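Okay, got some structures for you below.
Same chain, two partners: chain A is paired with chain B first, then with chain C.
Up next, the complex of A and B:
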């Protein structure tokens, strides 16, 4: 399983975390990452609105030749976007584990301000330790 | 979710996924916080209640993510479901107690949690100054935790204690009322 990149969006659609795990990914400017997050937030809301199925949770997976993107939305409205190589199964397991790490090392850090960009070294470390062996 | 299913999930998560700490460490830490607040606010117990609630609120805002990540429960279908989840999973997982859900209002928007045991209040005797017995809600932090946690899943509630064995009442009872569902913050797909 190859994880390319992980993004975390707060419930307002603001980007609060972005990290690449693979060399050779095209870097965007920090502003472009914010635009990407905001745009996805909007698209996600639209997809759930225009879905013919009532109560649809909106866009969950986006797959192209180059990558597969999985969106995991928690009940509080936080979104985890995981970019991986195409046709990877069980990305949702990765999403859940990343959510647990987020609950532990971000939300339980008393000096982390809720909804603000994540600058928690131990979260970085644990995320890395979880993702690296999978590459 | 049925009450037995909630109980099963609570039991399982508590057994397999929760790090345990010494209960007395929790009891004594909480006790020293309350005692210090009483000192800092010079016996203004109303203010102490308020501060405890506020501290709990800030805990709740954070704790809900841990709850959701660990228990993997979906959205509750109604407020009765919420009550069972709070009692059988929430309190079970974090404090290893399951307060009884009872005294439902006819509109299903208010219930009581009756605590047969309360780890926060072990060893506690309220100060004998003639006021603490009538004014201090010793475990008020729990009200704040519920309020904060439920707000993050788009439920605005009021929670307060109506009786406490520490005050000489028969039971320890917390009243929880649903004020409104915060519709405009519901994530897409959950409305």
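Up next, the complex of A and C:
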């Protein structure tokens, strides 16, 4: 399984975490990452409104020739975006596991301010330990 | 005064409602609610469903019971945030955490010695009390013995208790600008109190010594008081 990148968005659509796991990715400027996050937040909100099915939760998967993007939105509105290689199964499992790590190592950290960018060493470490062996 | 001891109206003297205080309470509905609500609330907080308070239980009953690590993590997080609001520097914060742990250690020592029953003894040697901390105290607190106990090569009065992954720190990432801080100062306080209570006055501090294998590795530096070494030197060697 190849995970390319993981993004975490807070409930206002601000980017609070971004990490690449693969060398081949094109680097964006930090401002572009923020724009990307904000744009996705808006698109997600629109998709949940214009869905023909009532009670839709919004965009979940985006597939292209180069990548597959899975979005997992928690009940509190935090979004986890996982970019992986196309036709990759079971990405939702990865999303849930990342959410678990986030709940443990970010939310239980007394030095983390809620809704602010995540700078937690142990979160980085455990995320790496989870993603790396899969590569 | 007789009113105070009357079991039928235990809340009368403390009621904020003047009507009750004057003792002319009429049996209208709002009054009876204001009388009953605090009673229900306090009973839920202080008493188990068996209607017995924690003090009525046998001391050994909760010996093997386990606590949720997550709930401890949230409580400890709040303790750190509370301490952080009151202090200006990192040293102050560690001191505050140390004090919070100290008051636990004082009580813990009594409890552990009580539970050891007949085999309990008063440690008189430095090595004995350090073993007690590394084994008995650590096992009670974290369910495992400490990972190491070393004597300082440079200083006669310093010992090091090593924990490769302190349970209190497992969810905590200290920000870079506070890299000096180690929240295991709380555990250091517990150890300090146990040593002090056993008449081995000392200073215990927690230091982060990250290694490749154990990024959270913490060393508790135990610096004994002069009087302890003096006493140790006149004790017979056996």
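What we mean here is this: the second predicted complex is superposed on the first by the 135 of 135 C-alpha atoms of A that agree within 3 Å, B and C clash if a C-alpha of one lies under 4 Å from a C-alpha of the other, contacts with A are read in each partner's own complex, and residues count from 1 in each chain.
Assume a contact is a pair of C-beta atoms (placed from the backbone, for glycine too) under 8 Å apart; a residue touches a chain by one contact, two chains touch by 3 or more.
Small disclaimer: the values here were computed from a predicted structure and weren't measured.
Colleague: Comparing chain C with chain B, which touches more residues belonging to chain A?
Modeller: B
Colleague: Mind working out whether A:100 is in touch with chain B, chain C, both or neither, as first, second, both or neither?
Modeller: After superposition on chain A, A:100 lies in contact with chain B alone.
Colleague: Applying the touch criterion given at the start, work out whether A:5 contacts chain B, chain C, both or neither, answering first, second, both or neither.
Modeller: Touch partners of A:5: none, neither chain B nor chain C.
Colleague: Tell me which partner A:44 touches in the superposition: chain B (first), chain C (second), both or neither.
Modeller: Touch partner of A:44: chain B, not chain C.
Colleague: First (chain B), second (chain C), both or neither: which does A:22 touch?
Modeller: neither
Colleague: Once chain A of both complexes is superposed, is A:108 in touch with chain B (first), chain C (second), both, or neither?
Modeller: Touch status of A:108: both partners.
Colleague: Considering only touches as defined above, state whether A:88 meets chain B (first), chain C (second), both or neither.
Modeller: Touch partners of A:88: none, neither chain B nor chain C.
Colleague: Which partner does A:73 contact after superposing on A: first (chain B), second (chain C), both, neither?
Modeller: A:73 sits against chain B, while chain C stays out of touch.
Colleague: Residue overlap on chain A between the chain B contact set and the chain C contact set?
Modeller: Touching chain B and chain C on chain A: residues 104, 108.
Colleague: Which of the residues in chain A come into contact with chain B in the complex?
Modeller: Result: residues 11, 44-45, 47-49, 55-58, 73-78, 96, 99-100, 102-104, 107-108, 114 of chain A touch chain B.
Colleague: If we count contacts the way the header does, which residues on chain A are in touch with chain C in the complex?
Modeller: Residue list for chain A touching chain C: 104-105, 108-112, 119-123, 125.
Colleague: Within their complex, state which residues of chain B touch chain A.
Modeller: Within the complex, chain B touches chain A at residues 61-66, 68-70, 72, 74-75, 152-153, 185-190.
Colleague: Considering only the defined contacts, which chain C positions touch chain A in the complex?
Modeller: My answer: residues 70, 73-74, 76-78, 80-81, 84, 170-176, 178, 215-216.
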